[in-house]
Amino acid sequence: MDFRAILEEIYTEAKALPAIGTVASTIPELAKINPDKFGMHLTTIDGQDFGIGDSEEKFSIQSVSKALTVAYAFSILGEKVWERVGVEPSGNPFNSLVQLEYEKGIPRNPFINAGALVIADILITHLKNPKQELLNFIRTLSGFETINFNEEVAKSEKDTGFRNAALCNFLKSFGNIHNDVDEVLDFYFHQCSLEMTCKELAHSFFFFANEGKTRNGNQILSQSQVKRLNALMQTCGFYDESGEFTYRVGLPGKSGIGGGIGALFPKNFAVATWSPRLNEKGNSELGMYALEQLTTKTGMSIF
Amino acid sequence: MDFRAILEEIYTEAKALPAIGTVASTIPELAKINPDKFGMHLTTIDGQDFGIGDSEEKFSIQSVSKALTVAYAFSILGEKVWERVGVEPSGNPFNSLVQLEYEKGIPRNPFINAGALVIADILITHLKNPKQELLNFIRTLSGFETINFNEEVAKSEKDTGFRNAALCNFLKSFGNIHNDVDEVLDFYFHQCSLEMTCKELAHSFFFFANEGKTRNGNQILSQSQVKRLNALMQTCGFYDESGEFTYRVGLPGKSGIGGGIGALFPKNFAVATWSPRLNEKGNSELGMYALEQLTTKTGMSIF
Amino acid sequence: MDFRAILEEIYTEAKALPAIGTVASTIPELAKINPDKFGMHLTTIDGQDFGIGDSEEKFSIQSVSKALTVAYAFSILGEKVWERVGVEPSGNPFNSLVQLEYEKGIPRNPFINAGALVIADILITHLKNPKQELLNFIRTLSGFETINFNEEVAKSEKDTGFRNAALCNFLKSFGNIHNDVDEVLDFYFHQCSLEMTCKELAHSFFFFANEGKTRNGNQILSQSQVKRLNALMQTCGFYDESGEFTYRVGLPGKSGIGGGIGALFPKNFAVATWSPRLNEKGNSELGMYALEQLTTKTGMSIF
Amino acid sequence: MDFRAILEEIYTEAKALPAIGTVASTIPELAKINPDKFGMHLTTIDGQDFGIGDSEEKFSIQSVSKALTVAYAFSILGEKVWERVGVEPSGNPFNSLVQLEYEKGIPRNPFINAGALVIADILITHLKNPKQELLNFIRTLSGFETINFNEEVAKSEKDTGFRNAALCNFLKSFGNIHNDVDEVLDFYFHQCSLEMTCKELAHSFFFFANEGKTRNGNQILSQSQVKRLNALMQTCGFYDESGEFTYRVGLPGKSGIGGGIGALFPKNFAVATWSPRLNEKGNSELGMYALEQLTTKTGMSIF
């Protein structure tokens, strides 16, 4: 299939649309971004690899990182991960404390903030130098040695992250955080501050599409494990809009409030989009549009 | 692929497992069933078609019918259906009223009871003879003219269905039921009382796997519409265990408290299982096991 | 104390206020009322008894009746009443189903709709001719033989009472309604349709102020029982505005969406107000104002 | 009335009861207490003043302090206090985050933890040396210059206070905490660590009973303001058991998990009890019993 032509078609159509949505305002450092940026990169199992628009510009991947940290924790602990976090859609906003209270501190899934904090806690427990080892892991996934945290963004998140501090303390009160609250938050704010280009993100997601193996041939997870994380992204990757994304796009993926989305078609391709304007659920308006067009125009959907 | 050998293997293994779970007790008529029944039927796009165990015995399909009624409503109204019911996982038990109150009477999806009642109301509005036309629709889907309601089961549900009566009145108080409450409940209790064999159920689900076309060549929905309903079953088909089912099995499907499950692999096969013992979430314990084994042994999963 | 002068002062002040609030619109029959009606009647233990404004005009007492039915049930069953309904403020709107779901069908208190339905069910179980005997009870309380139901209002409530039908079915699903749902609703809609003047209502509430004894000397409840119901009205009588009413007025009382309020100062007086304009919590705006002025001007408050 | 004889009677009866309930275990420092301690002190407007049992032994007043800090904030800000905290019963446990999420960070009342944290924040904003000035205020209320914090208890609360840290960060995320989270928590943990004897506590509550004036004649609040705080204690002082306490005892009061209760009969007396065994709602079992007996034996209740 000529993906390049399709991407160009989507790009042209997308740029012609009226601008909808607003840039995330909760984190001051992110609010500075140019809202009209738009990039897309696709990389296929059979070797096609190209981007369009602002696809080589760095952006803050934010919650897209949750897909990568859960993969890291899963590679270390296997199924034991699910003793401390569930695999069910939450049906609530990403930062809700309500469900957590009713369910005694076990987050519904690793893609809501509470779940990602538990995953961060797991990684801290099992890594000697957690932040550096996370960087190494992601550099291995992507093949890009220059991927790094943005310390200004991490600090900005810390200065305004009272809701996350509330979640982390709440989890700790249920015994589901084992390390120091401040250390867990520091790790979490750093993972969210990771910066990538669409190309780097698509390459990082490649192993999800390629039965667990990166573009450089590193086997990160088994075929069966990757299948399970893909399933999890399908049901839970887009906060309380996961159903809508599945309904419209039909691909496993993960979004972030920086405007990025990583998605994939198992055994076929990985794709990343970036457009900072968010809809009211906190997902990239143009990114969702572009991915919907991708599955519509190619007829490639898992359903 | 030699599906027959795989089914026989699964059947043998499943029968050797210790019996787990209990038969649904909320509906007296259903509680009489032999808990050790177990059947399975698989039908492929390329023409394979066979069952094993109690696959030709009738059982009450209950909530599996919700997948068929939403298909019927979707074939009549198209995307307008989603003005009155959502496409998001609920994160709550199938009969919860809580979310409905917070969300002003718009059920999260058509597979929780509230959503199915709205679908029933839509069908009643658009059909002249709703129950008969539903039967006709399902007979067309499946190719079996003998499929029918079980009036004893329908009556038993009515006699004990106070929670559903509460839901239907609650929806009506929000204006999201347009017909008479008793008429909607009567239709709903009848659809739940539909009886099928595993073979009939697998054949009924065939069009979901076959891009909208039944085994007899009737185009029920477009390829794009079927893709969307499959996506919806994936995220919402198993109540608040949808994530678990997706994680373990990775196929779109719908379960019922009669112990039946209909599932499918798009463009490949439809499958039905029946075993009345339910886990605590109300899904068939052995049915979920059998489907997990099917995707594991065949390596066929959408993820 | 010269209550007459104080009432006249309050009346003059109240009539000079700008009209705030709107007449209840949920029950068509009630929506027809003249919103500017305002009456007040006070009756003291030491024999003072007079009204002002529209105090001798009939209005629909609606939920004020809940104070009377719980007194009736309490007189029959004593403390056993609390096995099926609680004595705690609900912190939720009067017709919420949420709490009921979490608390397995035991309503928080007898003044929210769910609790009043359980009280209705209790009365139906213990009375041979429930509606007639309720009328007799209330005629005895008040000394007025002409108090009656308004059948048009009762019918109007039935035609639009889907939320109450939802609650009653929901309670039945938890086993906390023993009689037929339709019979319970019919009784409940009738009790709500009771019509009284301010004078009749104040006389009906007299026994709460007079240690259980009516103006005619009938001992309805013991001193200790009346004390407990007064306490209950204090914490729960004004829906999710009970705290506000207690804070501002400091008297036990019960309001209704017909715009009526019955209240009392233990061992001193009973008072009734009527003004159909309601605030957003469903309580009479002018009634609350008048009672706040009454305690402020007299310095008589239980706190 | 001969209160001394009544107190002795209650004390004898109470000591003869089987021990029910358990000492609070959430704060390690509190868990060390002798569970069988029991003291009571009563002080009347007309000058009676005496205690019984362990009434002169210091205990940790914990949440009883919330009645005193809200009085302090009310004396500074007046009605403006209610712009940041409500006056309604919450209907939820004292440390629930659920309601706070639905109600956008405005705690239902100042007696749940969230509300007390907001009151602490208000005091920090308006006081130069908050902890010392709080001590001064309470020494003035009680007339005892030796009342002090227990630093070990304060530290113990800090070390285990993740739920309170969650609440405070959560409030801050809604903008309803103006000062530094750690400073607010430090103040709050100190106020909870205040130690008093029953005598000191009863004297501290005296001004609530005495129209705002302490035993030493200091006018702390106006008559009208005290009436309002008494009303608030009545509806909200005992967590989600406030209705029960009002029903059984019928006096405004405030409990703490150290086993203390302060209560009062307006214009008559203030009373304090201490018994560390708590019921499942976190209120002192024997304290509630003793106060119920006090109103029963004296016939003195506001209702």
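Brief remarks follow.
We just call them A, B, C and D in the order they show up, numbering each chain from 1.
FYI, a contact is a pair of C-beta atoms (placed from the backbone, for glycine too) under 8 Å apart; a residue touches a chain by one contact, two chains touch by 3 or more.
Given the structure is predicted, the values throughout are model-derived calculations rather than measurements.
Chains making contact with subunit C as well as with subunit D: none in this assembly.
Inter-chain centre distance (subunit B to subunit D, centres taken as mean C-alpha positions): 55 Å.
Distance between chain centres (mean CA atoms), subunit A to subunit D: 47 Å.
As a whole-number value, the distance joining the C-alpha centres of subunit A and subunit B reads 32 Å. Of all residues in subunit B, none touches 2 or more other chains. Pairwise, the chains that touch each other are A-B, A-D, B-C, C-D. Looking at the complex, you find that subunit D touches subunit C at residues 86-92, 99, 108-109, 224, 226-228, 230-232, 234-236, 240-244, 246-248, 250, 252, 266, 296, 301-303. Taken in their complex, subunit B has these residues touching subunit C: 96-98, 101-102, 162-163, 165-170, 172-173, 181.
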